[in-house]
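Here come two complexes built around subunit A, the first alongside subunit B, the second alongside subunit C.
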Partner chain A sequence: MDRVADITVVRLEGISKSFGAVKANDAIDLDIRAGHILALLGENGAGKSTLMSILAGRFRPDAGRILVDGRETVLSSTKDAIRAGIGMVYQHFMLVPTMTVAQNVLLGQEGGFWLNRGRMEARVAELAEFFGLAIDPAATVSELSMGERQRVEILRLLARDSRVLIFDEPTAVLTPPEIVHLFAALKSMANRGKAIVFISHKLEEVLSLSDDIAILSRGRVVDRVETRVVCSKAELASRMVGREVFLEVEKEPLPPGEVVLEMSGVTGFGLKEVSLTLRQGEVLAVVGVAGNGQKALVETVTGFRRPATGKVNILGREWTEFFRNPDWKHALAYIPEDRLGLATCPNLDMVDNVLLTTRQGFTRGPFMEHGRARQVTADMVRDFDIQPARIATPAGKLSGGNLQKLVLAREFYRAPRLIVAEQPSQGLDVKATEEVWRQLLAARACAGILLVSGDLSEALQLADRIAVMFRGRFMDVFPVSDTAKVEAIGLAMAGVGAGH
Partner chain B sequence: MRLSIVKRQEPLPGGSFFILAGALVFSLSISALLLALQGKSALGGLYVLWHGAFGAGYALVDTILKSVPIYLCGLGVAVAFRMQIWNIGAEGQFAMGAVGATWAALTFPEAPAALVLPLMFACAALAGGAFAFIPAWLKTRLKVNEIISTLMLNYIAILFLDYLVYGPWKEKRSFGFPMTAQFSDAAVIGGIGGSRLHWGLVVCVLAGILVFVMLRFTRLGFELKASGSAARASRYARMPYDALVWTVMAICGALAGTAGLIETSATVNRLQPSVMAGYGYTAIVVAWLARLNPLTIALAAFFLAGLRVGVENLQLELQVPAAFGNIMEGLILLSVLAGQFFQTYRIALRRRAG
Partner chain C sequence: MTIDLLIPLLAATVQAGTPVLYATLGEMVTERSGTLNLGVEGMMLVGAFAAFLASTATGSPWVGFVAGGLGGLGLAAVHGLVTIVFTGNQVVSGLALTILGSGLAAYLGTPYVGANTPGFGHLPLPLLADIPVLGPVFFRHDALVYVSYVLPVLIWLLFARTRLGLALDAAGENPAAAKAAGLSVPGLRWLGVLAGGFLVGLGGAYLSLSYTHLWTNGLAAGRGWIAVALVIFAFWRPGRAVLGAYLFGGVMAFQLRLQASGTVLPSSLLLMLPYVLTILVLLLSSIRGRVKNAPAALGANVEPEG
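After this line comes the complex of A and B, so read on.
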């Protein structure tokens, strides 16, 4: 090892933590070493977040020891963790949007009573440069991109001399160029002796970035491996789920049925002359860099944004007519990207969340048939293998994969003819992704699926046809069998190529 | 050693009961302290308060009668709060209900009870409900915050009531007192079996059952719960958010209006400014203490009505200012609200690290 340092900063010994009957962490041993990037891989609900919350001082373990620099340390608050040099960058940033970068970075540690804006900014600029995190210390946080905000979060930890930096799925909110930037910064921090813990589902990211990989499953560390001895994503995936998963789903093409969605010349709200035809039995994937009109497209098709100009026909009916009083069954189902805020009510239990879009089917006169709704929910929990299986569990307590399964089960119960699925496997582990993909493919039998995805491999796995979106326009629409065009998707996403 | 605040992983079991009890003890202790500061006997004062509210038969009847309007208003407020519509306009809707009922009673002085009473109920519910449509319209069309609009409309309603009893509806032979003529016997809600307890109590029971069933078993109740829980998700599920706002405002207005009718007809037998005793505001405290549950609202209404009656006794016997009741009401609400903090957090003692 030619690292600056190779000492264990934090050692976890036999860490266990239970929530009720669920063992979230079960006798976990883990070494976090200076100068190393440790990737923590695991399915949803494998215990990664609990483990990291213990490290960040938010939970106390039921059993086990935490050694910082070889000395046993009790982390009973986030302050203790910060004092021990452990800092965490959460998925949701905790910044004050109206304040500047420098103010956010040095918040709570300005020292004296008087603030010296110039000196604060100089200190932050120095820190940013040292670790290769380009940012303007005088900029206001509300004006920054997600990638820049993340850098502010990192700088905040660095300013407190954190030696262990934990990142919870840091790439989920970033654009591809920002991811490249982040990885360079992470490597630079590791080279300067920081210990990095990187939580991710994305196998290629883990492979390209980390030095060591620890795989968690059901609360235990089931595998620990040096990244350089892993040869492929497939190998890592199989280590992760304990069986060979190649993330390929079998897809038999179905004969196209009747037209379920037709758009012609839809313009406005960021869309430009969007035309498409979608038939029952097929999947049309819309791919592109986020922010190129996908949101407006989805909102138009799902009825939340009236098309400014152009025609939209859903199941043979004109947009206004269809959305005047849409049927809950045999019509349109929308699987949104935001599962917790939009697709479900976090505080309500699974039954109420199932009723959210199916309530018309459980109504007798003015009354709800709660008993039957409980029965149907229990069936869904069994058929889709949702954990925990207790139907009184609030949606907010479900892991991402289980929540998505609940949403799918509910939306498929409506026997939709048109499905709009937005990033359906985002943030899910390999196993859950595979299940979601299988379910979507099975739903083609009765429905046409408009899949909006930022994940090209997902689009290629599921789609019959692919539409590449750039600046509100479909650059090209082609069958997935057209290998030449598939090769050129990257160019089309950047706005280069045919289709004008 | 120092104190730190730790989030509970599981909510405190049986927590709401302990919190309520603790908050009551805490607020009563402060009240006792306030009494002592005025040179009154603290424990004696609390006894006078208790005795005045629940200690004797006539006191108990007073308390039950006072809980009627508080309960109906609290029920209405709770329906709106379920949807996170912060309607604090029960006071104004109560006033409009009283006005509506009085109009019916004064317009048809000769009509038999079988005609005039139903008409009064209809007018009170309509007047209260229609008045609540104003903030509903302002909110759904112009996005005006309902807290501000309902609060300001309360003053308008009360001034409108005052205008009527000082002006067009004033009785000729009232020697200048602002009051309408006494209602005809047909327009007065009578006592049950000759007692002072009147049929308004039965209205409360019926309204309570209806609201309970509506919230618990109907699709409307489910949609209210979902919309209150997550507005974005209810929009996603295509719930008619605006229509739901109108509905909860109408329900609250109708219930508060009915309360105004009962207070005017059964208790005072005429319209006069003293019917406006702040029940609509107490209802907010009641709804919140009862966690918006129609059954516990009855208990909370009874309790706060007892407080009002007891404080009157306290005024008489110990010459405590009338505002003392408001102070206690505020203390109880604030202690309960602050106490809810302990449902999700606990305070831990720990040694300083290192």
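After this line comes the complex of A and C, so read on.
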């Protein structure tokens, strides 16, 4: 198909950008073409977000040129980028929740002094219809789902006739049907001549959606490839890390030890009759579509929520008794999904973040032993290969993978006997995922692991047994060796065919 | 109470409520664009003094009125400098402004205490003033009162119907979103702070030019703080600000009448009434259903673009 296409809308030439000693972008060349979906793939900290922020006018490059329609253009503010027809949908939506869809779409647009609410809404409705982004223009944003909010963001760019639309991990917050919807809309926009840039970690998404793939690593474009010549996820993954990736980790079953977690008939807060037994040396993966009670399960086991009915025994102690005075060591560790919110304090350095859950091990009378804590943190940084290796780095400055490694290092320092890991590899690149998986498997030696994951391949890689959750209930619990049941997980996740 | 007693009381209510209305609307504009300015009391006093000085010097009350606004604006500019340019703490800066403004007005104003101002005279509006009841209550005042009738409508129009109002609201609700939409958040906040300061200054001007017609120290008498409270009571909506201001004005007028009638109640207690009532009303509206509509980013500074 000979599309409007193939016209390069934006060309980046030799873009470099450093933050202190870190070269985030190093002489990057990139063409963004009309009618094409370009995927930017790369590990955390590879420089994707920096590059796109430069394009969206948030940062100025240290060196290099940006050509828009062949003319050199300086993008020194968001406004400049918008004028040049470049718009970005951020991971965290930039919307005003108290305003309506139409108000958000038209916010900051040039135009007359007065607003005409009717005309405003009609225009947004028309745009939404044209690009297949169904939405009520009069709805207040705070009442919308994440998928709908994303549509508002997209509409805002379209309303300004943006020709280059950049999406920073757009599927991270969406449900599967919303992802399907988004992809259809992206393809329709590309077919109408828009240039789409799609930043993602998820290989299958990149393969199914994009026309071209640019792979970034350590601030450079290391590979450019047309999607149709890529055969498989494995090939893409290996191109990405520059070595053969085995997203398979070796796992030898360990003999099950004593029971570390026992739940029976736990009901309430969205849970229905949940019963399970977890032994030391074992990984029990809870899978299911997000929002089917996983949160309540995790919060019950980790002590955030008192179980309404039913019994929970942790390390042989009844729930109330266990949490009345839990031991900091040899007990329970929690690896939350929300790394920067729940697991760490972004503005505290690595040492203080380590102390958040291990401080009981560093006290002498009323005093903290900071010297020893620094030493221990430095050991963690070395053992877990955390970058940058400076222990005074604030947690918020670490990339997702390095932050997760810090959290794991901290939690494993407590030598836990029960580990609750929630989406431990979400948002991590292949290499970091692999490391996290290895660490978790190693931790089995003295602990039982309750793994809650939305990623089926992760569950299959790590688990000894799998529990499928649907509407607060365990549909089925079976060993991972039971291939027939593994095949039917998808159905069970959709609530079909209750196993018992 | 007969209607003959009620009408003067209501007319006095409007007069007593007007300065608070100006100040409340001013603080509302500032807060909706995301800046909390607790210096209202100080800005009012400086506005009152600037208005007095300018009208005495020129003999024109209108020049005084505008000078009052500029006085408030000038003090608000200090707040803008501290909070928008240097991202200083908004609460601290606002409190300092109140102290500075009160001190400045007292220091500069002491030599003039007791001096009369060529203020605004009564200007009954033709036809409207002759309407029974409504006429004497609303339409036999001075020009500044009439300006204050139009102001809430204009401010409502600004926020509900104009692009600029939408942008100001965005700066107060989610500055990051406003920036992503290509708006200049510092610019919008400057506008909110200065416009708000101007309106607060006008409220001060009303005090010296219309309400008392003479200069004394401490003219604002806590009305600036009342305005800060009324913004919350008003849920950041101009319509409710009118209600709040006249409620305060009503009790103020009522207690003045009561004092004049020679009651045995101590005057200090009566003077407290409007303030106590404001606290009560604020308390009740806060209990009934949380404080609504507060701009989400109110009081949060925005790092300058770099």
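Brief remarks on what is shown
In the analysis below, the second predicted complex is superposed on the first by the 497 of 500 C-alpha atoms of A that agree within 3 Å, B and C clash if a C-alpha of one lies under 4 Å from a C-alpha of the other, contacts with A are read in each partner's own complex, and residues count from 1 in each chain.
Throughout what follows, a residue touches a chain if its C-beta (ideal position, glycine included) is under 8 Å from a C-beta of that chain, and two chains touch if they have at least 3 such contacts.
Source: prediction; values computed, not measured.
On the superposed subunit A, the two partners subunit B and subunit C do not both fit; they clash.
Applying the stated contact rule after C-alpha superposition, one finds that A:156 touches subunit C and leaves subunit B untouched.
In the superposed pair of complexes, A:78 makes contact with subunit C only, with no contact to subunit B. Of the two partner chains placed around the shared chain by superposition, subunit C is the only one that A:107 touches, whereas subunit B remains out of contact.
Of the two partner chains placed by superposition, A:46 touches none, neither subunit B nor subunit C. Residue contacts after overlaying the shared chain place A:336 against subunit B, while subunit C stays out of touching range. In the superposition on chain A, A:96 makes contact with subunit C only, not with subunit B.
Overlap of the subunit B and subunit C interfaces on subunit A comprises residues 77.
Listed in rising order, the residues of subunit B touching subunit A in the complex are 4, 6-7, 9-10, 217-223, 225-226, 229-230, 232-238, 348, 350, 353. Interface residues of subunit A facing subunit C in the complex, by the touch rule stated above, are 77-79, 82, 88, 90, 93-99, 103-104, 106-109, 111-115, 117, 156.
Those residues of subunit A that touch subunit B in the complex are listed here as 19-20, 58-59, 74, 76-77, 80, 83, 303-304, 326, 334, 336, 341-348, 352, 355-357, 359, 363, 366-368, 370. Put simply, subunit C touches subunit A in their complex at residues 161-164, 166-167, 169-170, 173-174, 176-184, 293, 296, 305.
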